[in-house]
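What follows is a single structure, written as structure tokens, with notes after it.
Letters A, B, C and D mark the chains as written, and numbering starts fresh at 1 in each.
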Amino acid sequence: MQELISRAKELLADNTVARVLGWRAGDLPYNPEAAYFETPESLDEFVYDGFCGANLSKMMIEASKLEGKTLVCLKPCDTYSFNQLIKEHRVDREKAYIIGVGCKGKLDVEKLRKMGIKGIQKITGAKLTDDCENLEIETIYGSKTVSYKDAMLERCHVCKGKEHMIYDEIIGESKDTKDADRFAEVERIEAMSPKERFEFFQKELSKCIRCNACRNACPACSCRRCVFDSTKFDSAQKANVDDFEEKMFHIIRAFHVAGRCTDCGECSRVCPQGIPLHLFNRKFIKDIDQFYGEYQAGADAESKGPLTSFTFEDVEPGIVAERG
Amino acid sequence: MYKIKKENLKALFQMISEKQDLILPVKKAEQTNFALWTEDADVDLTTLKTVKSGKDAFFPQSETLYTCVRDGKKLSVEPEALREHPFVVFGMKACDVKGVEVLDKVFLSDPVDTFYAARREHGTIVAMACHEPEESCFCKVFGTDAADPVADVAVWMIGEELFWKAVTEKGNALTESVKELLQDADAADEEAVSKEKEAIRTIIEKLPYTHLSLEGWDGNATEEKFNSPVWNELYKPCLACGTCTFVCPTCQCYDIKDYDTGHGVKRYRCWDSCMYSDFTLMAGGNNRTTQLQRFRQRFMHKLVYFPANNDGMYSCVGCGRCVEKCPEALNIVKVIKAFEKQGGEKA
Amino acid sequence: MQRIGVFVCHCGTNIAATVDVKKVVEMAKMEPGVVHAEDYQYMCSEAGQSKIINAIKEKHLTGVVVCSCSPRMHEATFRKAAEKAGLNPYMVEIANIREHCSWIHKDMEEATKKAVILARAAIAKVNLDAPLQPGESQVTKRALVIGGGIAGIQSALDIADAGYEVDIVEKLPSIGGRMSQLDKTFPTLDCSACILTPKMVEAAAHEKINIYTYSEVEKVSGFVGDFTVDIRKKARSVDMSKCTGCGVCSQKCPSKKIPNEFNRGLNNRSAIYIPFAQAIPNVPVIDRENCIKFKTGKCGACAKNCAAGAIDYEQQDEIVTKKYGAIVVATGFDVIKLDQYDEYAYSQSKDVITSLELERLMNAAGPTKGHLERLSDGKAPKNIVFVQCVGSRCSDNRGKSYCSKICCMYTAKHAMLIRDKYPDTNVTVFYIDVRTPGKNFDEFYRRAVEEYGVNYIKGQVGKVIPQPDGTLMVQASDLLDNKQILMEADMVVLAAAIEPNKDVRKIATMLTASIDTNNFLTEAHAKLRPVESPTAGIFLSGVCQGPKDIPETVAQAGAAAVKAIGLLAKDKLTTNPCTAKADPLACNGCSQCMNVCPYGAISYEDVQVNDHGVRETRRVAVVNNALCQGCGACTVTCPSGAMDLQGFSNRQIIAEVDAICR
Amino acid sequence: MSIEAKEEFRPKIVAFCCNWCSYAGADLAGSSRLVYPADVKIIRVPCSCRVNPMFILRAFEKGADGVILCGCHPGDCHYTTGNYYARRRMTLLFSMLDFIGVENGRTRVEWVSAAEGVKFSQTMNEFVEKIHSLGKNVRLEDIRCRN
């Protein structure tokens, strides 16, 4: 982190960049927030640790409109989103100075809460310079040691790898934290009967409060005006009127990002109701891989997406019924 | 005071729900929210904070106001019936109850919101003391005592028993209706409850936000706070999602919309969020066009405008849900602290 | 709110017999926006149209719904009527209660219910209609004819005679097509070459006609009035401007064992060759696959012997890109492959031949110089059996379901010619039915039976068995006498089914012209627009549209030409106003729509916007209305719904869905 | 409306037909008097690629029991490539609907040319039969006042 701060100060000082987009230390051990730093002094509040899960690429849409370059800290998986945004002309590569920051997996405080940990006062072991094997947590109700892995966000268990897809320089070490099959959960659901699947999603989606956090956090959902906020499709934004409508919102959202979603996992991370929204995106990704060949959105900034291209021999929609 | 063994709670819930609807924290797909009790509901009284507060019981996320039915070229209007069936909300915390007090200020003052008033009239609140308060809690800042909730009935969950104290007339009536399941509490029980209260208060003193200062936040601070440059940076990570407003026990803004049923229209209202770009959008445009303005609106409303109109009452109760749920780790505490810090720097 | 008039057509009894039109009127009156509804016997009639016109004027209608036949039939009619009354023609919607309702449902109550719903959907759509203004596009005054057979030649000549430039693209080295392979033509027995050659010469000599032989259409873009076509001129390896057509090269060519396609492979040709004597252009082509020079680098005999120095081994394929206003497809036909019909021993015996091969055997310029002889031993056949409907009118999937139409007549011709020239030859024809509709056709067939003694047997041939002595044993059934026949023959002639040229699918795809399951091009209307493709600016000439004989082909070629001329005569076309349109305030500038646009109609511009007080420069999509054809691919690709299709807007389609589902 | 005999299930079926092939195919089915159930209601769209997944979901939301999309055969699209995009979109959408437990028989894509009146009618007969076998689509619950 210190290296990152010093480098940022240098770049600010020599006017290479006009501002730094990173994280500011929070007032609890686990709640840093995304922030801009415009002076070297302000960087004293800069923090980068296991709780800096937010994907900052989407903020570069606004930052691209500002005067001068913005130094942005992107984790390996964030760089996929950035590439995809370049492809869609939503960010300006020339306005970004990308520091690829190291990542050893990002943490989910909800996971700690699920373990019954509450009254958190201090957490050690979450710095990038730590070995990130265990977390020591002090709480009002006593101390606990938790395996780092057990507190990781879902997305880190299916890590896309420690390589940055786009960057100007890299600071800090990364670790491939993958220890699960990306499609295992999708496959588990596919194996259920239609009735079980319906019930599973009904149960999950009935929790949805239409806060739109999933959409607003999603780097692929970069629409200036979402269809669900406009009258273009006569679609509701603020409340679901019937249970199909709440499904419709999530299906359409996943459909609109199909072939563009990099599987960054922000949707599931931000959902206040813990709905595994990434399952929708993964399902599309799995189908795309299977039907049209493996495709990773954001691996580059040029290729045509799977839904804006085709081959003469594509499978017919009937495959869905045939597959059973 | 009465008591009941934890193992008999199911029988208690059963008995309540025979005559009334019973709404209480139920775990579904790993999340706990207030929901209607059913035989097979996974009741969860240990999770301190339900994701959404219990305000839905009185002010649902969406509700029909009236229905227009079209028959040929004739239209008829059928107003939605007001709540008449009694119900019990079980397991609200002191802060949530305080939240209802805030809502009362809005919906029960003139002009009275009849839908809300009917629910308030027919609803009985059983509030539960907070056994183990958490780091995001700051109810004490707003004068709430989490150890001794003020509602129709107050309950404490200690060990294998639940202690029950009726506070109001409604509370007495409810107590009467389930009395056969309740045992009288003795002096030792009273002692246990006092100890529990003490323990809760001790923990609360240790919580990081308990001593948050609200100095400078009152109904007279409009100009100073509104024009502060602090907002310029503060709002930036805000996603403009509605999480904070939808989990908040006091947010009361709603939108009114029409749903085309194919044979007419249902006019319904649903929660709105001041974080949304079309909040208060009118035919002539929007008076808040930037996220900065919308973000500022939320906190100014909670800490300045509301107290200005309601004898100094804040419309934040310190439940800490926004602290836990904001996807970008922004919240009202950070706002208050940012102003405090800026003030300190100035001085 | 619109003021909508609903007009329900009885279509005589076509609709009114199954749909209670009064009820539809009554129900329509209940719908929002409807201020007028009435029914009439024939809405498309003059009187019906004036009802619409009067109602628009009197009731100040802003939208019209006509419940009638398919919009493909009368949408244009009713739009014109609306226009006459001063209403924007795009404020008219059709509820198809005939093809999609009264004609397919029997129960009156059910059909009426459905008609009401269809009307309701159309009313819902009109409620959201907006007036549209068509634009204009230029017409390139030149036609392209694909295929240089009699159909293509005739179309080209007719268009050229009207004063427009025409290009013919023929993939073979010479124009002439199937007709040039025929010997005589029914029912007049004219010599095919004698009547075709003058046409070929006329086409070649016509100052308005430009012929690209040994060339293929490679790419087509654009739309009616303004097609851009890439034509691949395959390397002929002979300089057309130098060649005198003397033919010495072919004589000197050492590679002479190549099956002669023109003679259906019944004899051989050299690697450098002119396909037939009357070929146009009379210039040889080197078949590079079989040329020793191209295969080994050695030889060069043709170049050495060419006095004109016309041989050019270095010649390359050339792509010519030209613009056309209209395209006539005249790709013709071939006979089917017979590998599915092994029972006729076609692959086992040289003496089992197809009728087209017989044409070549009987032609004086053919492999036997016109002597009818067995290909196995050169002897004159004494007993010839004709088998009809080989692969035609098939109910299984071995052959074609349709009647090839020409076989009955050419078989009668063949039988007659053989009996005429070789009276001691016995000719037997096995048929399922003899179909002879056409001027002088039945008379012709009867002459074959009555005057020439051709033995017609109604029945099917089950099997042809080659015998050790070289003869053929024919097993057949006689359906009229109800008996099995075993018959000795020394030649069997199969009337193989005809099918569209195998390249037509590729061409249809390039033209976006629709095609049926048999690969025949689809006409815009089976009866009323038989020579037009549903794709504007594409016209159909000859067998590519369906089986037909020479006079029919020539007639259709002329008709296609007239349609093309009608198009070329216009200076400008009005364009379809149902084009895509981007809302600059909702557009993300993400380029996804551009990626799926088949016409390159979408580009991006940086524009200044005022988005509810936020002023900024944004990259937004802009649609070129002249290029956009209104498919709507972009509208679905656009996640924000910024891109919408005028006339078929998102909200309109949703309104229709709602109206149907409610 | 009280003591009526239990009504026979009449499914609501929306058929999106492209203007150039399938709508014409449906016209041909009509002019050839090829009967199919009146439950099918056709919406004309310029091309199968005009059909937004939202239209299909909307139909289900409003109570449709089945939705079928008909377009030109691949390779025959009037606009060259529209049905190829539609094919990918619908494959993914149908797969997703199946994933969330909507029976996969309720959605279908069929390529019907202008000459295939018989196929159009057959397809509609088959589809209606299929929907009959699946029964009524899950009635959508009004969740506005769920709590």
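We take it that a contact is a pair of C-beta atoms (placed from the backbone, for glycine too) under 8 Å apart; a residue touches a chain by one contact, two chains touch by 3 or more.
Note that the coordinates shown come from a computational prediction; the quantities given were computed from them, not determined experimentally.
Distance from the centre of chain C peaks at B, each centre being the average of the chain's Cα atoms.
Between A-D and A-C, more C-beta contact pairs join the chains of A-D. In terms of their C-alpha centroids, the spacing between chain A and chain D amounts to 36 Å.
Averaged Cα coordinates give chain A a centre that lies 53 Å from the centre of chain C. For the pair chain B and chain D, the distance between mean C-alpha positions equals 45 Å. Chain B has its Cα centroid 30 Å from the Cα centroid of chain A.
Counting partner chains per residue, chain B has residues 61-62, 262, 268, 270 touching two or more of them.
Residue positions of chain C touching 2 or more other chains: 596, 637, 650, 654, 658, 661-662.
Across the assembly, chain D contributes residues 52-54, 58, 62, 75, 81, 85, 89, 144 that each touch 2 or more other chains.
Of all the residues in chain A, the ones that touch chain D in their complex are 186, 189-190, 194-202, 206, 227, 233, 235, 239-248, 251-252, 254-255, 258, 280, 283-284, 287-288, 291-292, 306-308, 310-312, 314-321.
Contact residues on chain D toward chain C in their complex (touch as defined above): 12, 14, 19-21, 23-24, 26-31, 33-36, 38, 41-47, 49-55, 58-59, 62-64, 72, 75-82, 85, 89, 113-116, 121. Those residues of chain A that touch chain C in the shared complex are 65, 87-90, 221-227, 230-234, 256-257, 304-305, 307-309. Residues 72-73, 260-263, 285-286, 289-290 of chain B are the ones that touch chain C when the two sit in their complex. Interface residues of chain A, counted against chain B in their complex, comprise 26-28, 31-36, 54, 59, 114, 118-121, 139-141, 203-204, 206-207, 209-213, 215-217, 225, 229, 236-241, 269-270, 272-275.
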